[in-house]
Amino acid sequence: MNDDFNWLEYAEPLAEAPPAPRPSALQRLRARFGWLRLPGLMRRLRLPKLRRRRGGQNADAGYALLEARDERPISQLDARLLALRERAEPAINAEAALSTVDELLTTPPLQEKPGGLISAAALSQAQRQQVQMLQDIVGAPAPAAASGEPARLGALPGLTLGGAPRLLLAVSMLLAVCLPFVASEYVVDELPPSDFGGDRADAAAAFEQLNTLTGTDYVLVALEYGPTSAGELDQLTDLFLRQIFAQRAKPLIVSSNPIAIAHAQNIIKRINGSVAAAGLKLVNNADYFLLRYLPGGALGTRELRENFADVARVSARGELINRNFKALTDMKLLLLVAESIDVMRNWVEQVLPASQRLTLLAATGYAAQPLAQAYADSQERIIGIIAGARDAYTYAEKLEAAYSTFKPEGAPQAPLPQPTAPPLTPAPESEIEAPALIATVASPVPAAATASPTPLASPTVPSIPSVTPPPTASPTPPPSPTPEPVWLVEVTSEDTARIRRGPTTVDDILQLAYAGDTFEVIGTNGDGSWYNILLSPRINGWIAAFLVEERYEAGGATAADASASLPREQTLLRWDYRASLGKNQPRLYQVNPTDTSIDWEYVLLRDRSLEAPRLAALSLGTLAAALIIVIGSVVGALRAIGGRRQPPASEAKS
Amino acid sequence: MAEATITLAGFVLTLMVFSYLLGDLPYIGNLYRIAVYIFVGMAAAFTAIVSYEGLLLPYLQDIQDPTTSWTALGSGADIVIFSAAALIGALLLLKPIGALSWLTNSVFAVLIVVGAAVAAVGALSGTLIPLMSATGTLPAAFLSDFTATVDALLIVLGTCTGLYYFHYQARAGDDGAPAPSRLSSGLRYIGKAFLVTALGAIYASTLLSSLTILTERIGFLFSIGG
Amino acid sequence: MDATTLQVISIAFVLMTALLVYTARYQQGRRGRRRNWRRMPALERLPGWTARSIEADKPLHCAFGGAAIGGEHTAAACASAEFFHHVIAGAQQSDSAPIVSTAAATTLPLAQDNLRRAWEGNALSRAQWYPTGERSLAYAAGLTAALQDSDEPAAHLLAGSFGPELALLLDAADRRGQGSLAVSDQLEGQAVAYAMADAVLIGEELFAAPAYVSEEGRAGIDAAALDAWRGLLILFLALLLLFNLARALAPQNWLIIVLGGAALLLLAAVLSRRG
Amino acid sequence: MGFLQRLGSAFSAIIAFLVGVITLVSLLLGGNPGLFGDLPQAADLAALLALPAAVLLRLVALVIALGVLIGIANLLLTHAQRLMRGRALSAALLGSFALTLFWYVARAGDTSLLEAVQLPIESSLAALLCLTLVGGAARVIAKRADIWSLLFVLSLLIVLLASLPWAELEPLRAWRDWLLRVPVSAGTRALLLGIALATVVAGVRIALGQDRAYRG
């Protein structure tokens, strides 16, 4: 086997000091910045004071033996070994070229390569410079520059000198992060905006995309993160799921991470815990579906694409789901919460090309943001990116604003609709076709909504269970068919049609439409080349006239404007979604819902106390990290400069 | 009660993990290791549970009760596929000891080859082609907007030189050692600048991610403590 | 770009790749010896660590990370296995058998096989699995705890698929003064590797690493085919840019500009091959 | 190499080649009737071509699930051996594995242990990661004092500081945005393209049965 392995082959250029290359522009550049590159010196920073030496490699076999076999401080070495060590030092000080010595000592087919026999110690100063130059041209650090050697001899690194900066670093970071929690007067942070601003049209579009979901829609929710990133991403998942539930769409949760599936159960449990106060319960395999995990990363996601009918047939607990999904296109939307760019890459590579009708809404942690953007920019079917804690805050604010009927503007404490526990007997979980048990509170339709309330009746799915009106809310009026015909457009283009924010092709794309999709028209632009259409009661967009055909219909009941005809029913799910912002455990469900003395507004906001400190801690932590990095870098650079000025030999002794 | 236990357990375990910062002190160092071992054992158990219930159980049920089909292919196909998978799994156990190498190598080849093909096709249609076409496409405001033009050209330059950085073959110099030409070194130099900048930014965002988690943890500790 | 176009391009790409791979192999067979590769300084650290492993009886630790056979990292896992094979064979004289670790269960047989073939002597129990997958903290933390508990490796060779959890492994190695070489096909892991490892390979250099540690010519097929493809891609990007540029600048005469530019590019390519 | 061994090697090479070509063809050609234009049986043909990949994918997914069991057996054995050798801490691993299984079975699928034990530990480890990352970044220049490290740290600092929400940092945010939009985007694309290209080349080579990493 050893004949496979000839270290000499690539050590050769080092050993045979090559002729000096012609000076190039690059070298002149390097000469100018040469002070920045000080091979072999920096590593001393990480060595304890008691033992410094130069040369990154085990430059001398005797030395290596001595060092490795005897893992004890130098002071404990006996005189003979110390003498040996003294002798070894000068050889070690020869920098890069020295790495060859090891090879000479360890490589059997030594004699085949006469060039390799040139001892490193025999290299002249000029030759060494040439070696260095060659390395510099390749743009790589000299091998000796980084340390591969023990930084210390002690058995308890935490106690040695090397440990002290580490501890100092940790303590200062922790102090910075703790400060806002201990002393609220240090919370000088600016909270993120409560809406996605102009440059965040992508994030706003993501919100609207979820807001246009209806009771007939299924959403494939890919929770691609384990408990590792729970602290960062649970909050976003929680918000998304609540919004999906609030729209009465049904999530199918998948993951290629086995633990994420188990964790998803706990997230749902948490949501269930928080709505239990109102006597609600989300039922597995009725209101939401936990699918089996997708093994093998890309292979698993590819299998989801190829065999979706099978994947969506069995739940995570090994039960049949009985929904007969045929293909990924049965999903209205793909929602991806990803901890890393690679999982996102996976979904973009394996799943998204399955059909042009698929849209991917992506949310990531901070880590994946800059890279996810590269993908989002290259494919228009990716919506988002919503990233990190600050976006989550904004999203929560926006969600609250969109669903808020508690707090009419101007009235600080509006009379609140008090829910009562609906007198529904929860269906046993085994009853798979049990209707969803999300009771809803009907609230007045916001002014912007134009369509009159019509209950959704879809032929394909069981109708949504009856609404239990709360005592204070007015009963939902019976549906009255609109007398005037509704002005509709139907998409006729075979290609994907783009619905934009404004009547030009440079406006942002709000969503995509496909042949057969129907929308209600609320106007046209000046020359009639664009229709202004309703995407949801409060959102409108523009579609080019040549892509659609217009018609009139008495009372629209198409899928696209079904949401428009829904009353603005508010599920109770929204009550405490921000309870999870600061903590793992929302505490709301400890409140008795029938207790009318409870100030619901207070309950809604009670966990905000941790929100600001957390964001402030994030800011202070970032600042502290930056400071530490700057200090570390400056010290490193200074040592490098100082080290270069001193002759190498003088340091070996210290 | 259960709630309180969960919270308390979380508190104690968090502190055990943070004891890592104190270094390898006697006894205290073990706290960290105990927490990690508990974690590893539990992660293994949950992985086993999820794999068994989601992936194996349906097939086992299918074999027991052939009247219901758990996959679109039907019960018969399921049984065949499951048996084949079980056989392959068993042969994988033989792989390390080198027995029946012609057979174990063949089944291992199936695993590797299918995975490699999926990875290759996915990388092609998901990354290579879209990223290439996005890189080569000029922005709409090209030419009218000078900065946008420069940016677009810079991106192409960065992508090309960044790719070139990896170029492995080098011409041999007179002495047989690799002697890259000046042009090649220069291009790689530029490419590396782009690569390193990107890595720095990625590092920063990774750091921000973990910092978010750190603040969540600290918030959790304080929510119990205070 | 619609699905059919994407598919057609993909098919053409795969056929072209097959052609390049076979060409590289054919050339290899004809030349019968290794190509000349550029230097990779990170790999020049290996001999030192191998020597240390041999002389101090400390094992080398080879880690696949989450690179799983059957998943999207299959190719990376194979490249890592090839790389480790040569490293392990090189450390043969050490009394301490290398440790091979993985977070992907399907890679475990590959790891064990690696040890069996490259290491003379029974080292099967030195292949370890920790749960599970990419970005596995259980893997990074469990491995760190277990390794520091008993065997103190001479160096860690972390080649495969790692996320930011790599920082835990590298920090522990740094604390103990053990050497480390790292490369990951995940970008976050790569960024961490770049900052914290003693020796770094970047991204796809993982796939070329076997060519550097192996005497056999066929280890370089990937690297040679990659080089050829890369050249073509860069050329294609340049042409695409030229095409778009020409259409923006002179909508009428764009064809002439493109042809002229292409000729210049070709000339430049030929000249750069010569000089 | 004996004759039988050579025969075995050839056998596995042929299997690899066949499976590889079938998978590639099925993945590349299957599932899209549009590829076959006006052919009358285009839909059937596309579905037929997609079938082998679907079956193979399911098979491999199942093997991976079974493989996890092999991995777990390896983990438990390794730590049982360590326990025998007197490493008492390994008992914590074995114990927590057994406890979790028992709990899950006894309490009919209750995952609250995950919430109570694994989540805190894993989150804390991830938090710890933050401190090691800061330490790592602070030592970059000390490790390799060259222009690349300087560039790395600069880019890192700009992105880090620009994430702060303070109004005074507005210019920095503009830099950050440019940095992310242009050089980082270019560098990332180069890295991603490089890895994707390598995956395709190595993948196709392996799928054509040209890899020997696993055939000993």
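Order as written gives the chain letters A, B, C and D; numbering starts at 1 within each chain.
Note that contacts are C-beta pairs under 8 Å (C-beta built on N, C-alpha and C of every residue); 3 or more make two chains touch, one makes a residue touch a chain.
This is a predicted model, so every value here is computed, not measured.
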Quiz item: Any idea which two chains share the most contacting C-beta pairs?
Solution: B-D
Quiz item: Hey, how far is the Cα centre of chain A from the one of chain C, in Å?
Solution: 25
Quiz item: Centre to centre, by mean C-alpha position, how many angstrom separate chain B and chain C?
Solution: 14
Practice problem: Compute the distance, rounded to whole Å, between the mean C-alpha positions of chain A and chain B. | Solution: 13
Practice problem: Would you mind listing the residues of chain A that make contact with two or more other chains? | Solution: 13, 46, 138-139, 141, 146-147, 157-158, 163, 166, 170, 173-174, 226, 228-229, 231, 258-259, 262, 295-296, 298-300, 302, 307, 310, 317, 339, 345-346, 349, 353, 366-368, 370-371, 374, 377, 584, 621-622, 625
Quiz item: So which stretches of chain C touch two or more other chains?
Solution: 2-3, 6-7, 10, 13-14, 37-39, 68, 70-75, 78, 85, 106, 109-110, 113, 116-117, 127, 130-132, 136-138, 141-142, 145, 149, 164-165, 174-175, 187-188, 190, 192, 194-195, 198, 202-204, 226, 230, 233
Quiz item: Where does chain D touch two or more other chains at once, residue-wise?
Solution: 24, 28, 57-58, 60-61, 63-65, 67-72, 75, 79, 89, 93, 111-112, 114-115, 118-119, 122-123, 125-131, 133-135, 137, 139-140, 143, 148, 152-153, 156-157, 159-160, 163, 180, 184-185, 188-189, 191-195, 197, 199-200, 202-204, 206, 211, 214, 216
Quiz item: Can the chain contact pattern be summarised as a line, a ring, a star, a complete graph, or none of these (other)?
Solution: complete
Practice problem: Using the touch definition up top, name the residues of chain D that touch chain A in the complex. | Solution: 31, 50, 53-54, 57-58, 60-61, 64-65, 68, 109, 111-112, 114-115, 118-119, 122-123, 125-127, 130-131, 134-135, 137-148, 150, 153, 156-157, 159-161, 163-167, 180, 184-185, 188-189, 192
Quiz item: What residues on chain B touch chain A, complex-wise?
Solution: 3, 6-7, 10, 21-25, 29, 43, 46-47, 49-51, 53-55, 57-58, 61, 68, 70-73, 114-115, 118-119, 122-123, 125-127, 130-131, 133-134, 140, 173-180, 182, 185-186, 188-189, 192, 201-202, 205-220, 222-223, 226
Self-check item: List of chain D residues in touch with chain B within their complex
Solution: 5, 7-9, 11-13, 15-16, 19-20, 23-24, 27-28, 55-63, 65-72, 75-76, 79, 89-90, 92-98, 100-101, 104, 111-131, 133-134, 137, 148, 151-160, 163, 178-197, 199-200, 202-204, 206-207, 209, 211, 214-216
Practice problem: Flag every residue of chain A that touches chain D in the complex, lowest number first. | Solution: 33, 36-38, 41-43, 45-46, 139, 141, 145-147, 166, 169-170, 173-174, 189-192, 226-231, 258-259, 262-263, 265-266, 294-296, 299-300, 302-303, 306-307, 310, 317, 345, 354, 366, 370-371, 373-374, 377, 390, 584, 615, 619, 621-623, 625-626, 628-633, 635-637, 639-640
Quiz prompt | Complex contacts: residues of chain A adjacent to chain C | solution = 1-7, 9-11, 13-14, 46, 56-58, 61, 64-65, 67-69, 99, 102-103, 105-107, 135, 138, 140-143, 146-152, 157-158, 162-163, 166, 226, 228, 256-258, 296-300, 339-343, 346, 349, 353, 355-356, 367-368, 371, 495
